[in-house]
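Shared chain: chain A. Partners: chain B in the first complex, chain C in the second.
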Partner chain A sequence: MAYVAVRGGTIAIEESIKRLKFERVKKGAIATIPSIEGGMRGLIDQVMSEGSLYSETLAAIAIKQAEGNPEEAVFLLRAYRSTLPRKHYSRTIQSEDMLIERRISASFKNIPGGQVLGATPDYTHRLLDFDLIQETEEEARQWLSDFQEIQEKESDLRDLIQYPKVLDYLRKEGLIADCDNQDQEPDDVTRKSLEFPTSRSQRLQVLTRGQTGAVTSLAYAVIRAYGSVHPTVGELRVGEMPIYIDNPINQKTEEDDAYYLGEMKLTEVEMLIPVTVEKERGKKEIEFEIGYGICFGQNETKAIAMGILDNCLENKNPQYPTSDEEFVLFHIDSVESSGFISHLKMPHYVTFQSKLDSARKTKRQENASQKESNL
Partner chain B sequence: MSAYNFAFFDEGSKREIRRATLKAIAIPGYQVPFASREMPIARGWGTGGLQLTLSLVGKEDVLKVIDQGSDESVNAVNIKKLVGKTTGIRATEETSEATLIQSRHRIPEIPLSEGQILVLQVPLPEPLRAYESSELVTKKLHGEREYSGAWLMLFEQIMRYGNMSTGADHPVLVHDRYVMAPSPIPRFDNPKMNRSEALILLGAGREKKVYAVPPHTQVVSLAFDDYLFQTESSAGNSCKLCGATDVFMDEFVHEETGETYHQCNDTSYCLSRLNRKVLHQEVPLNG
Partner chain C sequence: MKRKRRTEILINGSKELAAQLADEIIHHYDVETIEEPNNGLVMVKVRETAKKSMFYMGEVFVTECKVQINGSIGLGIVKSHDHELAYQLAVIDAAYNVGLQETSEWTSRLLGEEERIVEQRKTAQSKVLKTKVSFETMDDE
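Moving on, here comes the complex of A and B:
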């Protein structure tokens, strides 16, 4: 029958989904979860950070399912995350407790404790390493055991040292205003939607969940031309942060009763932003403000960018869109932006037909009035 | 799907969405913020509607999902599949049989009845957004019932095009209080909202808002005394398949002859008329 033509969506979808699986496996080789966890640390960190869920294994599954497409992997992780009940809230963490793997300052050469380069591609030449084509797991294991052997011989007690914060040094000098801890309970943007003006905790959450590229681009705009911020990296640290919860059984809140849950790898950045402060009798002084960035995993560019945007949103210079909290916070979420852009692929037959009707109506009127004026 | 709760959400989340929904029903046309969850379908693909549906659905419900008038459109099928998979409830294409109807951009041709709930998917819930991009400001404008911008918008269209040139999503005034985006339903469907027998809920997932038109609420499309609200004209067109005239139609071009023809946009309505035609040849077709 004639109307069969408009039907058949169900079957078409089934076939499309098969097609998708075909694309994933058609080369006869599949990425295993251990191989993704082993070799795709950068992608895992990005997906965990944007997905706002800390689990390397779940991120690896998402990456596998998404064929390595980060926006799709983040989407999978978020959709899973939203089904999880909140069972506990962790105790407040202090980033002084971080077990440092990397820690640098671009502001001071001689920071107390020293610069720790750790693992970073920053000092590599970005030349494609064609030897990797031939790399075998056996070679990798051999290299690893040699490396570990040397490490054991040379290791001192440094490994577990907690480093003082660079900014504390500036505070002692009086160059940064001292501030108290703000220990009120943070708002949870996943439990209560944003309302404006936002609180700092809301802003920081949205920024840390933001799409890496979006956060980076906006912060780039700030320092290139669309902002008046000239920041320096006060301190960037990457390391494992131990997480504790209060004893859930006896309701005690002392540290000794807390339960250790595990560690999270975090990147934390404190940006130093010079500002002119007006003192008494019109005297001006330069002081430093702070922009704060923190993300799951090692995501240094994003954390720095977050620090810049945090400061822009704090100061709200009306001259720049990057200081407009609605402009920034509403548009950097990967799931939301990619979702709304991709929805344009959905049929818009009705809406378009309706617009067509309006277009024809105005055309008809124009023709009619033209005829009238010709008379 | 044992990894997930009945209707996907944990009960706490459902309760929270229902609470926002109740508030929305109590203040017709007012956009209630809610903590929109990430869903297994993409933001912008009906997550607001889906969250409402999942928070409301019970084991006895019968679900109908339509996308731009079609029960078989890819996204409608997808949503139906997800709700079916996480609840096990029955789906239908028959409008009158459904207790819960989730729709994107159409209100079915068959009048809805008491006890039915129509859930509309909303991309942009803010009717004032076209001229004011700040949420903080639009919230204030609604609070102060300051809608001159909405009227000016229509007035400027008349000045520019000789008539109101809104396509779908022509703004409405609900219960003499809030100006509301009816979601991008064609203007043809706007009057169906007025004093509807069924409860109409509107959900915007990405924008994290829920709003409602409770049964029997007055809904008036914005217009001027001398420039009346007009629905899309279907003058002289009739459905090529079932012959219906007074319905919203899709426009097609015949591949060979190049001639334009029309079909009912509401495919299940068209189908049921066709079935009646087959069963009872005597039933008059243009009614």
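Moving on, here comes the complex of A and C:
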């Protein structure tokens, strides 16, 4: 058969794009960028994390354009990112330098520095608050002003920077083996495609920019039935991390000569994973491994899930798909997975017609054979 | 004052301070812009705590600008889209790099602003620490 190119969709496409705008504005009210930045922190954090680009304002614009659809917003953010030059690499950040806003452990009740709950919905009743229908900006400003005016007792003046790490405490106790810094320069999956087996830096980069739902679901599968990991949150911290670059003009690397760029909010999780190891004379002992998770913004479930998958991919248990690098790393990226699935709705006229031709031909041959046998 | 501390104060402090300091230079010296404020990315490198290895966690959106005063280049770079502040930071950086006399008078103003930032941070911290749990011990562990 001959394939014939078709055209004629231009006007329909133009009208479809107008229709999209109509859907966004048809109620006569629009979400402003400040209102999205002010009231959609959770969505902004998710979009920045999956988009692998830290900018609350750009994420807010993407959310507005995508009408709140996270996969579309992430696509927009990634597309914009690809138009920008990468100017520098940051100095290596370490979570000890984080200004803590929240820091908890599910493994130890009494941790050095204590459990600081910060802002979390964990202890709310999850009942819809219908008062929010009537909330005005004036009321919100008044509440904020009252909240900020309350003078707190200066009973605890602990600095929330350089807050003690639970892991350091466990390493000092000898409960977790310490290790030296590994200073090998990381690979970058945005510059070189994944090849298997992957390096640790590639795995962590793909996990941290993974789709929240996909990362969470796979980690849930690990714990429920498709893994042998029984983890506990050793430490979860949320806070502001300062970012610096070395002096690019004089190529100096002294810390004091660095440029400060600002802060970004991160969630970091260290999962403690008990493993049974066989010692001398067949004696079995429990030791702890660590699964590491970190994301842009306050994305606690994703960071925990990343920590679980990190451990699975390190141990590579062939029994489970969640330990298979290709299975996990090739399927958790928002743009790749949603892009591929959604492309199925794009015109496939030619490929489908080809299959239909084959089906018709087979049918005709079957009918002809049937007639012959009936004669 | 060293660059790290100075840029922390100018970015975390009042925007007026950066504007005032830059103005003092712009009105008295020939400031040549060699790179207009423009947007770009900085890739963030992290040291993770499980194996203490490094990886790239994503990029932060920045504005960058370069100026030149008396042959010395100044760089201004700041998170987010802020052309004005990036330019002011570049001017201040160039003023320090060329060693202009004004910079010696800036130290006390920068230290004053730093004090204000520290006080603000203490207030914010005391609010966060109100969410610290005081366990009532019900057993020995």
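Simple rule for what comes next: the second predicted complex is superposed on the first by the 338 of 375 C-alpha atoms of A that agree within 3 Å, B and C clash if a C-alpha of one lies under 4 Å from a C-alpha of the other, contacts with A are read in each partner's own complex, and residues count from 1 in each chain.
Heads up, the rule we're going with is that a residue touches a chain if its C-beta (ideal position, glycine included) is under 8 Å from a C-beta of that chain, and two chains touch if they have at least 3 such contacts.
Every value quoted in this text rests on a predicted model; they were computed, and no experiment measured them.
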Touching partner for A:81 - first (chain B), second (chain C), both, neither: both
Contacts of A:316 with chain B and chain C, given as first, second, both or neither: neither
Touching partner for A:264 - first (chain B), second (chain C), both, neither: second
Contacts of A:245 with chain B and chain C, given as first, second, both or neither: second
First (chain B), second (chain C), both or neither touched by A:172: neither
Partner chain(s) touched by A:12 [first = chain B, second = chain C, both, neither]: first
Greater residue coverage of chain A in the superposed arrangement, chain B or chain C: C
Contacts of A:346 with chain B and chain C, given as first, second, both or neither: first
Residues of chain A that lie at the interface with chain B and also at the interface with chain C: 81, 84-85, 190
Chain B to chain A touching residues, read off their complex: 4-5, 8-10, 12-13, 16, 33-40, 42-45, 47, 67-70, 72-78, 104-106, 123, 133-136, 139, 161-169, 184-188, 206, 208, 230, 232-233, 240-241, 248-251, 263, 265, 267, 270-271, 274
Residue numbers on chain C that touch chain A, as the complex places them: 2-5, 7-8, 11, 39-62, 64, 73, 75, 77-81, 121-123, 125-133, 135, 141
Residues on chain A engaged by chain B in the complex (per definition of touch): 1-3, 6-10, 12-13, 75, 78-79, 81-85, 190-197, 326, 330, 335-336, 338-343, 346-359, 361-362, 365-366, 369
Touching residues (chain side chain A, partner chain C) in the complex: 49, 52-58, 81, 84-95, 99-102, 109-110, 114-119, 147, 152-154, 156-160, 165, 167, 179-186, 188, 190, 200-202, 204-205, 208-209, 242-245, 247-249, 255-264, 268, 270, 289-292, 294-296, 310
